[in-house]
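Take a look at the structure below.
Labels A, B, C and D are assigned to the chains in the order they are written; within every chain, residues are numbered from 1.
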Amino acid sequence: MPTVHLRFSALPAHVRTARLVAATVARRSGVGDDLLDEVRLAVGEACSRAVGQHTRSGLNEPVTMRLLTEPGRFCVEVADVVPIGVPLPGITSAADLLDADPDDMDESLGLALISGLVDDVAVIPGIDGTVVRMTWAATAL
Amino acid sequence: MPTVHLRFSALPAHVRTARLVAATVARRSGVGDDLLDEVRLAVGEACSRAVGQHTRSGLNEPVTMRLLTEPGRFCVEVADVVPIGVPLPGITSAADLLDADPDDMDESLGLALISGLVDDVAVIPGIDGTVVRMTWAATAL
Amino acid sequence: MDLSLTTRDEGDRTVVAVGGEIDVYTAPKLREQLVDLVNAGRYHLIVDMEGVEFLDSTGLGVLVGGLKRVRAHEGSLRLVCTQERILKIFRITGLTKVFPIHDTVSEALTAVG
Amino acid sequence: MDLSLTTRDEGDRTVVAVGGEIDVYTAPKLREQLVDLVNAGRYHLIVDMEGVEFLDSTGLGVLVGGLKRVRAHEGSLRLVCTQERILKIFRITGLTKVFPIHDTVSEALTAVG
């Protein structure tokens, strides 16, 4: 199974690297050009979210991104290691956003973007961290 | 310590990804523009070598690249997991090259390039694989 | 690509032209710019997004933060954007309801309300 | 960037113009091209490297392999290259002693020996 794993310290600069790697491997895995912007954005959001979780929890451990190229699909998993996860902010409207704490707002906007952009997405909370899994169709090259 | 790890299946396409990641992080770590071509080439060689070792040994495990950004320097380690390592070919002249087995020739050319390009390089064989470690000067950004 | 920021005053309004990538890495620079403007008494901001190549949630968050700041002074924050892929990001997050979005800077300069 | 290959015959010589990156990923395409030419009876090859942006040891290996093949038919393999960063790679590996390297294609076309 052709696979790429990237682990990086929880720093914003590395989110750019993760985006670049995901888009490059996606393209090479046969994800359509029209979807690459979406991959770049969604992967960036998932990674920013994980970096934010680590930073807010004061964790030094790295964030992990796994890219799986399978026949017909390209799958990205971004995992943080924050045990329970900072609870999801209860932001449900634009008006709430304006009142929210900035970190909560970023987290809420990030998840809104991921779920609005990606058809096949799952946020899987676990006792050892949360995994965001996103899958795109890919024609075999 | 800001760090990026990349693990990838032993496929030539992923060597390109590794090159791209190393050059991106090197630039962001303050490695001079005049050295980036060298980083790209040397890291590609170290990764191609590791991919070749895994392929020749029939190993399915991934190759690992670690990037360490430290004050004043940028360090790249590329590790294979081939227990003893395919012994170094005894190629010492251009004439030998023309007689050599193609795999031996590639390995020999790759190591010649790494050692010719990079001032600070070490090839560290171990019972669980070989690590190629290369270090470049980096001005803090 | 990195972020580029250019500001110019037009009467009581200030146009901030943004170029490049507004993401988790560069958004702090944009935040700083907006905070500086508000601290300097500029409460009517127009952010020209036509040169933006990439925008993520952190960038959106900075724009919302800017809006909060100018509103505290009865100000306004208008966006100029015609790029479909950027507009899509505002639509998905419901922010088209929060920001007035204009097709051109001159439209934004003359807009009221 | 991917590899681009363009070939043209000039008398008994064939010029292969290479563009882009010759690396572990694309080198097999170049190898295939050289093998095809030799199988088609073209034994005097000129590889024009002026459009090459990246060259690694796998690419070098393919060129050496091509040289072995044409030599088996008393042929020749000449390179055209003036890019310092590419020439450096041939120098470091001692291959400047193995390949005749020319400044222009026309020089390579008229070279003897």
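We take it that a residue touches a chain if its C-beta (ideal position, glycine included) is under 8 Å from a C-beta of that chain, and two chains touch if they have at least 3 such contacts.
Please read all numbers here as calculations on a predicted model, not as lab measurements.
Drop chain A from the picture and the touching chains left over make up B, D | C. Chain geometry summary: the mean Cα position of chain A and that of chain D are 44 Å apart.
Separation between the centroids of chain B and chain D, computed from CA atoms only, is 25 Å. Centroid to centroid, with C-alpha atoms defining each point, chain A and chain B lie 29 Å apart.
Shared interface positions of chain A, defined as residues touching 2 or more other chains, are 13, 16. Multi-chain contact residues, meaning those touching two or more other chains, do not occur anywhere in chain C.
Contact annotation for chain pairs lists A-B, A-C, B-D, with touch applied as defined. Within the complex, the chain A residues that touch chain C are 12-13, 15-16, 37, 40-41, 44-45, 48, 51, 93-94, 97-98, 102, 105-106, 109-110, 112-113, 116-117. Contact residues of chain B toward chain A in the complex are 1-9, 11, 13-14, 16-17, 20-21, 24-25, 28, 62. Contact residues of chain C toward chain A in the complex are 23-25, 54, 56-58, 60-61, 64-65, 67-68, 85, 89, 92-95, 97-98.
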